[in-house]
Amino acid sequence: MEQTNFQLKKQDVQSNEWSARLHHATRATREDWLGRGISYLCIGVIILVVASMLWFITSKGLATFTQNHVNVWQFLTGTNWSPDTGHIGAAPMIVGSFAVTFAAAIVATPFAVGTAIFMTEISPNKGRKLLQPVIELLVGIPSVVYGFIGLAVVVPFMRHLVGGSGFGIISATFVLFVMVLPTITSMTVDSLRAVPRHYKEASLALGATRWQTVSRVILRSATPGILTAIIFGMARAFGEALAVQMVIGNAAVMPKNLISAASTLTSQLTSGIGDTIDGTLPNNALWSLALILLLMSLFFNALVRVIAKRGQLKHER
Amino acid sequence: GKATSSTSSKSSSSSEALSGKVTAVGSTALQPLAAKAGANFQSKNSKVNLTVQGGGSGTGLSQVQAGAVSIGNSDIFAEEKDGIKADKLTDHKVAVVGMAPVVNKDTGVKNLKMAQLKQIFTGKITNWKEVGGKDQKIVIVNRAQGSGTRATFENAVLKGATAIKSQEQDSNGAVQKIVSSTPGAVSYLAFSYFTNKLQAVSIDNVTPTDNNVENNKWKIWSYEHMYTKGTPDKVTAAFLKYMDSKTVQDSLVKDMGYISIHDMKVTKDAKGTVTQN
Amino acid sequence: MNAKRKDFVATVMINLIVAAVVGILVFLLTYILVAGLPHVSWTFLTGTTDAFSGAGGIGVQLFNSFYLLVLTMLISIPISLGAGIYLAEYAKDNWRTSLIRSAIEVLSSLPSVVVGLFGFLLFVVKFKIGFSVISGAIALTFFNLPLLTRNIEESLSAVSSSQREAGLSLGLSKWKTEIGIILPVALPGIVTGVVLSAGRVFGEAAALIYTAGQSAPVTNFGDWNPMNADSPLNPFRPAETLAVHIWKINTEGLATNAAALSAAASAVLIIAVLLFNLSARLLGNYLYRRVTASK
Amino acid sequence: MLKQYSFEKTAVQTFDDSVSLALKTDNLQVFYGANHAMHDANLEFPKNQITALIGASGSGKSTYLRSLNRMNDGIATVTGKIWYHGVDINEPDVNIYEIRRHIGMVFQRPNPFAKSIRENIVYALKANGIKGKDELASRVEKSLKGAALWDEVKDNLEKSALSLSGGQQQRLCIARSIAMEPDVLLLDEPCSALDSISTVKVEETLLELQKKYSIIIVTHNMQQASRVSSQCAFFHLGHVMEYTPTATMFSNPQIPVTQDYIAGSFG
Amino acid sequence: MLKQYSFEKTAVQTFDDSVSLALKTDNLQVFYGANHAMHDANLEFPKNQITALIGASGSGKSTYLRSLNRMNDGIATVTGKIWYHGVDINEPDVNIYEIRRHIGMVFQRPNPFAKSIRENIVYALKANGIKGKDELASRVEKSLKGAALWDEVKDNLEKSALSLSGGQQQRLCIARSIAMEPDVLLLDEPCSALDSISTVKVEETLLELQKKYSIIIVTHNMQQASRVSSQCAFFHLGHVMEYTPTATMFSNPQIPVTQDYIAGSFG
């Protein structure tokens, strides 16, 4: 048989009424415009917030270089930080922030992921009923309290364990570890729970052990989610000041080792900002620290995102 | 809050009710005193809306200079801060605070020579046994750069020398806790933060007491300032007057461990020159 | 047997990890509760603070913490909901979207003091709102937006696409489908986000020092008209929260029993967080059951 | 190896003017990115009849079906014309929500909303502005009866739809669709997750429904196609190879590929 | 309304000693919390034969099947005995991983891993300590041939398994299972998502596989049951009502409930 050409049929003639009906905007169309409008507006608000923060920090942070004519390279590599006397080398804080954030994320991740596996795969009941509420509770403890507990418990402990004054990167790492644990754990739990059930069953039915299933199937397909969790954990670690400041020793010197006093961008910023005058070098220098922090966190973000893209597994929901 | 304040004269025959808004921002050390005095002031003048906040001396000075707040609280003379045009601001000294070195109890040190203190903070002396204490490493806890307490201490003790880089904390509370819990620690605190968990140190056998401050035998002290920009408006002026009144100076100030401005037998200016009254 | 031994070892390891985590958690909680609870009394809970020494009760601060939380959530949940829907539903998978995502995440890494100062300069000084609950709530919203948005987005996109198709095939608009069908199913996940960010609100101090302020003017708990100056609901009054109060006691507090006060306030804070989390979950579950008609 | 069949040789019927059409596609093509999943489909669907789409997995049945009510918007690029009441509904300016109201769809896996049985039906009605308790209640009853589910659930309308069995869920999805009173009902393998009893029920429902609706159904099950449909289209690798009355297709397929498929001997 | 049938009247065959059994359950009961989903199931599965489990949706077929290789561990409480090579594998101290290696399972929805075709098969082998490139390659080939998939994919082993058609995915899942060289293969409605061609292929595969394996298959499709199985068990509301040779069940069901089900007239 051959294909027949399209012929106008009876029904095609009376198209006007239907054409109107099918082209008219209806409630659903309007809802969609509204919804689109609302959600674009909301994301717009967020973008505006981010942009104005970025502008705020950038403009203040760049003043050091544009108004006080500090050399950017010296700022990044200099090790002498005493803005009152005009020396602003931020390297000690950059190294401190870097070390503390990374160390905390590295230590916290296995604990968080382990706990999350426990909560989703080993004992979902206990996980949901007991662990989750308690972990969420930890987010609400103010930083100062963490700082003082750190001072009362962690610092003396480290002093006895490894000697020195007890203040240093290692103590800060430990305190931050506890502080970022809840964020990473809760978000990891969410992404583990989102792994389709049939993935797990397929693996178990093949005689794979629970650990094989978890490590090769579940964790792999939850990787993007876990990485997001780690980003948020690192973000918290980056931004934390009060607690870190009390246990790290907050000295603007190049850390010699894990147990010598050091400081972070955030702790210097927080402890100094109230005592400086707007528009002066010491104040601008602190904002430059904030700018560095921002750039570093952007960098880590991009890094983690690249890793996530690499390791990503496509799976249907 | 609004930096401006307005006076509406709802006059009765005898007195005129004050009304308006006062915002005082700045020094955390002065904050409790200002807050308490403010609360008392407000309870007498119910139409007045008075807010006292912290934020640090730098913030106080910056904001009062910018005209954003009515009063800038500071631990430090405006002249001492770069970037502040002191001549545009009016200083109101509301209290005096004495500070003293404090050490961890088991250093075994109760008295130091001024020179020794300087050597400790400049890193020349690093062990307590060099000044008659235990054989223990000295752990210096400094205050944040730019803070009023540190400026006062450095003016009185270091006299231009640079302190060695060390741990820096930004509050009396943190210093108090760290010094009392860290072996070998030394720092300095306002008198009111002394506790029995740490050792206040005499200098050249002068003990850190209010009396010694009042006659300048004890050298480490400073004023608490309330700065206004130009002439204060009516409510602000009334509040500043109240701060200087006997009610505040004789009870509140002393309760808080500060020294009344009225009791001082000497005056210090921004350059540190002391003159007898 | 090798695999089985590995499994055993891994299970033991995970149990050890969990034991360590639980140990830390339990230690922290008991540390705070044991130190604090003995000092908690009814008068402490309801009394007012002495502005001077920081001694006295924490009634106003406790109220402020909750009020600030509610205001913050009222501002941040709708925005992050809209933004989450945007990311889950409308955003295309391109560089612009990932730029937006990164930007949002970077926002959450800013030190609180920076956000605080930003809020101070913008809301308190520039917009002349003053040290107030509302300024604080906006500043905290900045912290909340990233986490909440991400969380809502992930919860929404975890809902099976067949539910979306079901809605669309009935001629429902995307928006209606998202709000009426996907959102209810995603509710439990969203509650997690709300609980986490609520914790942040409860515990935050540095950002609030510059925005909501550090004074807790005595308010008149008989007056619930938000327009009145001394009403507790007035969003334009300064409001020291419990966390800020704890921070203040610990940093510049002069009370002789400062340690006890701070411990007690911390214990109360923990219990407040616990109560909030529990009720958020209960409410979440209740709503979930209501809207999904599940048992 | 797959046998190669010529795509030139097709057998696609058209109808004369006496037959009124519910839907008709003109050179419909679908691309998933670069993947050309559907080639020039020219099909006419008569009113009040059941048309079955059959073909091997991946032959493009779902792709074609989903294009008919624009469910592929944003997923695939669809070119060509889809005539519905004389309007080409594949135009961008057509109100897609209106189209989907008139052309309902039921999916392979039952996908009731996570709501009560009643809410499942009422939700879309309300969203379309239908109000009034009585009106809604009567629509619920009518549609559930139409989907042969009423007797089983009438005492439990507030129960969660997810607690129903697979077959009941699928019938609920049909009820939900017909509650909107569409013209055309598209069903994508509605019975593949169902047991035979439920399948029989759904088939009975469809036979009943064709009195009011025009139905297009994708099915893997040739018995099912022959039981319920009047017309049958056979898809092969993205091409419509044959479109004939069902009886003809199963007893006397016109071209080799269909013959082989019906005989179960290709691939 | 559902007709009430007595659960007392059942017709369950047993085998005499001449038949060697692959698996056998003794009073197997399954509880989901308080929900008693499976009552006293006593079934014997002869070696190298295909046994079909049929019954309406929700009658407990999947529940029963999943208990056989302990996939219900942690989900449901299973009591009773499951005899396998003279061992009760429902004991807590039995190594469940070993059991699942010997008793493989294929699910209703094809669920390949989001890995390459080769990786899908190699995954479990490696997990069980099978190493060596050649050994693995030969196992891949053997199992894909066993599942009648080899010819279609042999040039594309590195392609993502998710890019296969539904029928191919299901055969890949079967291949993945038989790569482990199990004794017993459990299949839960393996063809419900497949088109008829793929279904035929899978059925052929099963008929071939029964030479080496004992197979238990859940199906909704009675034609399928009659085509492939030697024995057939009919489940109803959590009870095994009848277990007879397939021919008997379809031509001459023993008890009323089965008669009605086969006639398509209950429910």
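Order of writing sets the chain letters: A, B, C, D and E. Residues in each chain are counted from 1.
Here is the rule we use: a contact is a pair of C-beta atoms (placed from the backbone, for glycine too) under 8 Å apart; a residue touches a chain by one contact, two chains touch by 3 or more.
Since we're looking at a predicted model, the values are computed, not measured.
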Any chain in contact with chain A as well as chain B: C
In terms of touching chains, how many steps apart are chain B and chain E, taking the shortest path? 2
Of B-C and C-E, pair with higher C-beta contact tally: B-C
Whole-Å distance, C-alpha centre of chain A to that of chain C, is 16
Report the inter-centroid distance (CA atoms only) between chain A and chain E in whole Å. 46
What's the distance between the Cα centroids of chain B and chain D, rounded to whole Å? 81
For chain C paired with chain D, centre-to-centre distance based on mean C-alpha positions, whole Å: 48
Each of the following residues of chain C touches two or more other chains, namely 3-4, 7, 160, 171-173, 176, 250-251
Junction residues of chain D, two or more chains touched: 97-99, 102, 127-128
On chain A, where are the residues touching two or more other chains? 27-29, 31-32, 148, 208-209, 212, 270, 273
Chains touch one another in the pairs A-B, A-C, A-D, A-E, B-C, C-D, C-E, D-E
Chain D - residues contacting chain C, complex: 69, 71, 97-102, 104-107, 109, 111-117, 119, 123-124, 127-128, 158-163, 173, 176-177, 180
Residue ranges of chain A touching chain C (in the complex, touch as defined): 27-29, 31-32, 34-36, 38-43, 45-47, 49-54, 56-57, 110-111, 114-115, 117-118, 122, 131, 133-145, 148-149, 153, 178, 181-183, 185-187, 190-191, 194, 208-212, 214-215, 225, 228, 231-232, 234-236, 238-242, 265-266, 269-270, 273, 290, 293-294, 297-298, 301-302, 305, 317
Listed in rising order, the residues of chain D that touch chain A in the complex are 10-15, 17, 20-21, 24, 26, 42, 83-87, 89, 93-95, 97-99, 102, 127-129, 254
Can you list the residues on chain C that touch chain A in the complex? 3-4, 6-7, 10-11, 13-15, 17-18, 20-22, 24-25, 28-29, 31-32, 78-83, 85-87, 89-90, 98, 100-115, 117-118, 121-122, 142, 145-147, 149-151, 154-155, 157-161, 171-176, 178-179, 189, 192, 195-196, 198-200, 202-206, 242-243, 246-247, 250-251, 262, 266, 269-270, 272-274, 276-278, 281
Could you pull out which chain C residues touch chain D in their complex? 160, 162-163, 165-173, 176, 180-181, 184-185, 291-295
